[in-house]
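Each of the next two complexes has chain A plus one other chain: chain B in the first, chain C in the second.
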Partner chain A sequence: MVKRARKISAKTSERARSEVRKSLEALAARDDRSADFDYFMDLYGAVQTPEAVSERTGRPVVSLLCIQAPIELIHAAGFHPHKVVSGSQAMANMALQGLPALTCPMLRAVTGAAAAASDGTPGTRRWVLPTTCDWVVKFPEMLESSGAGSIRPSLHWMELPHLKDGDSGQARWLEEVFGLKKFLEGCGGKISRASLDASIRIYRDAWRALTRLAMMRQEGRIAAVWFALIAGAFFLDSPERWTKAALSVNPPPGGARSDERAHVFLAGSPIFFPNFKLLDLLEDSGVSIAADDLCSGERIFPGGVTYRDSSEFGMMSALAQRYHQGCLCPTFIDNDRRINNILSRRMASDFQGVVFHVLKGCHPYDLESLSVEAPLKERGLKFLRLETDYAAEDSQNLRTRIEAFRGTLSRR
Partner chain B sequence: MAFKVGLDLGSTAIKAVIVDGDRVAWQGTRATAPGQEAVAEGLLDEGLSALGARRGEISGIASTGYGKKLYASADRHIDEITSNAAGAFILSGGSARTVINVGGQDLKILTLDDSGGVVDFKMNDKCAAGTGRFFELAARILDTPLGDFAKLCLDSEEEVEINSTCVVFAESEMVSLLARGVKKEDIIRALHCSVARRVSGLAGRLSPDGRVYLDGGPAQNGGLASALEDELMTEINVLEAPQFTVAYGAAMSLGA
Partner chain C sequence: MTVRNLRGIVQHAGFIVMMYGGRFGLHLGSAVPCFACPFVPGCGGFCYLMGLQGYIGFGMGAAVASGMGLVTALGWFAVFAASVALLGKLWCGWICPFGLIQDWLSALRRHLGVRERSIPYPVMRRLAWVKYVLLAGIAIIPPLVTAGILHEDFYLPFCGICPGKSLLPLFAGETRYLALNYDNLVTLGFSVALIAITGAMLVGMFLKDRFFCIFCPLLAFIHMLKPVTALRLAKTPDTCVGCGNCRRACPMEIEAVYRERASSDVQSDECLDCAACVEACPSDFALALKFLKVKLFRSSRNYAAGIGGNSKKNELSR
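So, the complex of A and B:
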């Protein structure tokens, strides 16, 4: 039985490696590939275990699933915040045996990867999980059900207040951020006012680099797949090295946006390497992404943190506020900011429609697609909701819808 | 004479329409099979032969449908939603504002503007529930030709329910109903109602405004239109040859 399980794990791991290989080969073969992208491609090609990331960054790793925990604080404590994500269909399939069919594909893939790599004993790495969606809350159980071992001994929960407006939620979140500080210190981390200030500056620089890339994409100077690749690599190396490489990216020759392409805003569920199916289909159908609000894209973290009060409390408060108020995750109750963000971005860009990506099983985004559709249409934007997962079998169906949607954009 | 050709390479059938001006000169269909380009070529030859025309008289070919790119020599590849809208709009004399298309593997609901352009649309995802495949399966289980469904539906006397439009689960529902001695006529009526509910669910907030048309192969079955009228509480119109609307629209996309 154990032997069979090991064989399955080995086979799945090989399939996942093949997915990565094929995706990197496809990227390498693109006409608009430039040497500036090599650093990021190399990161995806490298081993992604916590040990490997730790060795690369020179810091012990704190594992995260999303962008809700303040990464500046984790970095300030001497750790590397490592967002554990996966777009691997092979890994998602591997986990399916022990999980409900409609489980979030991303967490399924992460669970599958953990199961494939685990010998069933509890892991020793540190985990920080803010209670964003139900899938995240159930993640430790998912791991255990799939034979990936338990992360509970080294897990810290951050209880997320789901109401943003009002002082109560913000005050409770600030307490949670102080709770995270205590956890990190309990793990051997040391946080000083100076280290926190330095960390905030490092991530502010990273934010500037990301914004520069987003602007290049908006202007059609780099393709959406390259932007997604670079943004997705953010947690795979030290923020300083990533920022330096991101600032070195220049538009590839011939990367200018053709006026014949339709321009859209991409909203909704995140997209993770190596599954760039939706990005590829949009590009093939003559649709360019001018901007996005994906937590794998322009929102890889909630933005540069600024503060007037430079005391430790002042910086902690600024961090808490930025990560609570600045987050557009649909798990929040009062999330009108998503609509306002899309509309304000439209002032600076010329997109004609919104493609709303729903990862099958991601219920908060699924529901939010309904509430944002009508207000955006009322303001003259076309709207296309695309629900999909990591499987390739619906590509033709998606292509038909995207092509027809593109037709509606050019009719304006 | 210059003919325009529309080829709809669908999941279950390939349809060809040869158009003279905006008039349908010939239309024909063949079952989808491996080597779709060759099947489409054969169909086109059949049409040209029936018209006594030659290849040189074709001014352009547009392909649409899931297999549109497989017909590599087309002058234009056009998506089936845009083709469908154009075809239904022209064939309805410009009156269509909502089109419900039941295809071999998909369901679509389109809203059109007053020039036949697509304003909005809904389409099922990868599940084939409630599509042509569903009816094909039902015909096999009930051992009844699809062409007889509309007539048999009218003879239904007892109201029964089929809750699933899933091609897998509906099979067991139908088998259970047959085992209970429920008449085929009642099962067929229940099938139509089940698909109508699925269409209604897909439409969601996309309300069927203006004149509503049903097309796609299963639209030939009058029982479906009737069930949709009941479910959507609006008049449903069916074009004369609803399975060819998309191919016709593709041909017309080639312009004059």
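So, the complex of A and C:
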């Protein structure tokens, strides 16, 4: 029995490696490939275990599943925030048994990767999980029921208040951020005013680099797949090295997008390497992404933490507020200003429609797609909701719908 | 150059003009809408509050006698109103020398890593009446002196307790306003009050950004002229994602800008038009400092991130 399980794990791991290899080969064969992208492709090609990431960054790793925990604080404590995500269909399939059919594909893939790992755990001794969506809350149980082992002894929960506009929710979240500080210090981390200030500056620089890349994508200088690749690589290396490489990306103008292409805003569930299916289909159908609000894209971290009070308390408060009030995740109850981000970006860009990506099983985004559709249409934006997962079987169906949608944009 | 840096340059230039202008032949008159303190030897203009107290008090007496005092008073009010109509609260956020002193103290606090003592916005709103009470005192007390009801040393009541009078002259080597004045009980009372208020304000201004501005009657007076002011802070609520950067960047910790979901008018009575909120806002077009309908400076994701390319391609269709 154990031997068979090991065999399955080995086969799954090989399939997952093959997925990565094929995706990287496809990217390498693109006409718009530039040597500027090599650093990021190399990161994906390298081993992604927490130990390998730790060795690469020179810091012990704290594993995360989403962007809700303040990464500046984790970095200031001397750790590297490592967002454990996966777009691997092989890994998602690996965890299919024993989990509900409509489990979030991303967490299924992470669970599968953990189950396939040789030591039976996701491979790190520190986890920080804010209680964002139900899947994240149930993640430790998912791991255990899949035979991947338990992360509970090393796990720190951050209880996320789902009302973000009120003072009580913000005060509670600030307590949680101080709780995270205590946890990190308990793990041997040291946080000082100077280290926190330096960390915020490091991530502010990274945000500048990310914003510059988003601008390049908006101007058509880099394709959406390259932007997704670069953004997704953010947690795989030290933020300083990533920022330096991202600021070096400088392809010639007009390389990725011509005026004939329809321009859209991509909203909804995140997209993770190596599963760039949706991005590829959009591009093949003549649709360019001008901007996005994915937590795997432009929202990979909040960025731009503003504060006047540079005491330690002031910076902690600023971090807490920026990560709470500024978050557009559909897990929040009072998230009605979410569409304002799209409207704001539209004033600076020229997209005609919104493609709303729903990962099957990602219920918060699924539900929110219903509430954002009408107000966006009222503002004259076309809207296309695409529900999919990591499987390739629905590609033709998606392509047909995207091409039909593209036709409506062209007629404007 | 960032707006913040530009503001710093303007503030320091304003400080030099207001404090030392008279020494090189520059005087902006008696209706300057900021703390250009007449007690500073060689200053470059007089704060309108001092002129106002004088015109309301002795000016009224003179008006009765000749009619000329009233004309002079109305003339200086017209100059004051025109200055406010043109520059609005830029006088407070960009030019006021006492504002700059507060910003120096805040910078010192930040340098030392001392935690800012935040005043909850509801408390700040409740304190807003203080500046209007002070303004009312400026209007009521001087006529009582003219009428002989109050002692003549009440003739400049606000200057008697203004920390600008005690602190700004120090930059011209004048220290006497920090001493007790034993001329009579009224002057002694004023000088004791002034020293106590100055001490309290120094502590407050060190611990809280722009602490004095919460109580400034000149800010209240400028705000009362809002209907004729060309310079405004405006919001496009449809583009605000509610990140709260504006509130955190604001030295007055104003919440109204963050909370507003319908109106474009976010110029509250505490606002100093310093534009810190516009600089910090990462949403394109959400906030703007406008002169009439012209956007002098608007929020931009690229600006907030520190990169160029602030392109505007099309307006929001509604």
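Simple rule for what comes next: the second predicted complex is superposed on the first by the 401 of 412 C-alpha atoms of A that agree within 3 Å, B and C clash if a C-alpha of one lies under 4 Å from a C-alpha of the other, contacts with A are read in each partner's own complex, and residues count from 1 in each chain.
Convention: contacts are C-beta pairs under 8 Å (C-beta built on N, C-alpha and C of every residue); 3 or more make two chains touch, one makes a residue touch a chain.
None of these values were measured; they are calculated from a predicted model.
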Which of chain B and chain C A:Ala374 touches, first, second, both or neither: first
Partner, of chain C and chain B, that touches more residues belonging to chain A: C
First (chain B), second (chain C), both or neither touched by A:Arg308: second
Touching partner for A:Arg21 - first (chain B), second (chain C), both, neither: neither
Which superposed partner A:Lys11 touches (first chain B, second chain C, both, neither): neither
Chain B versus chain C as contact partner of A:Met347, first or second or both or neither: second
Which superposed partner A:Lys190 touches (first chain B, second chain C, both, neither): neither
Interface residues, chain A side, partner chain B - complex: 373-374, 382-383, 387-388, 393-394, 396-397, 399-401, 403-404, 407-408, 411
Residues on chain B engaged by chain A in the complex (per definition of touch): 66, 79-82, 106, 113, 117-121, 123-126, 205
Touch list for chain C against partner chain A, complex: 106, 110, 113-116, 118, 209, 237-245, 248-249, 251, 261, 276, 280, 282-286, 300-302, 304-307, 309, 311-318
Complex interface listing, chain A residues touching chain C: 164-165, 193, 204, 207-208, 211-212, 215, 302-304, 306-314, 318, 321-322, 325-326, 328, 337-338, 340-341, 343-350, 379-380
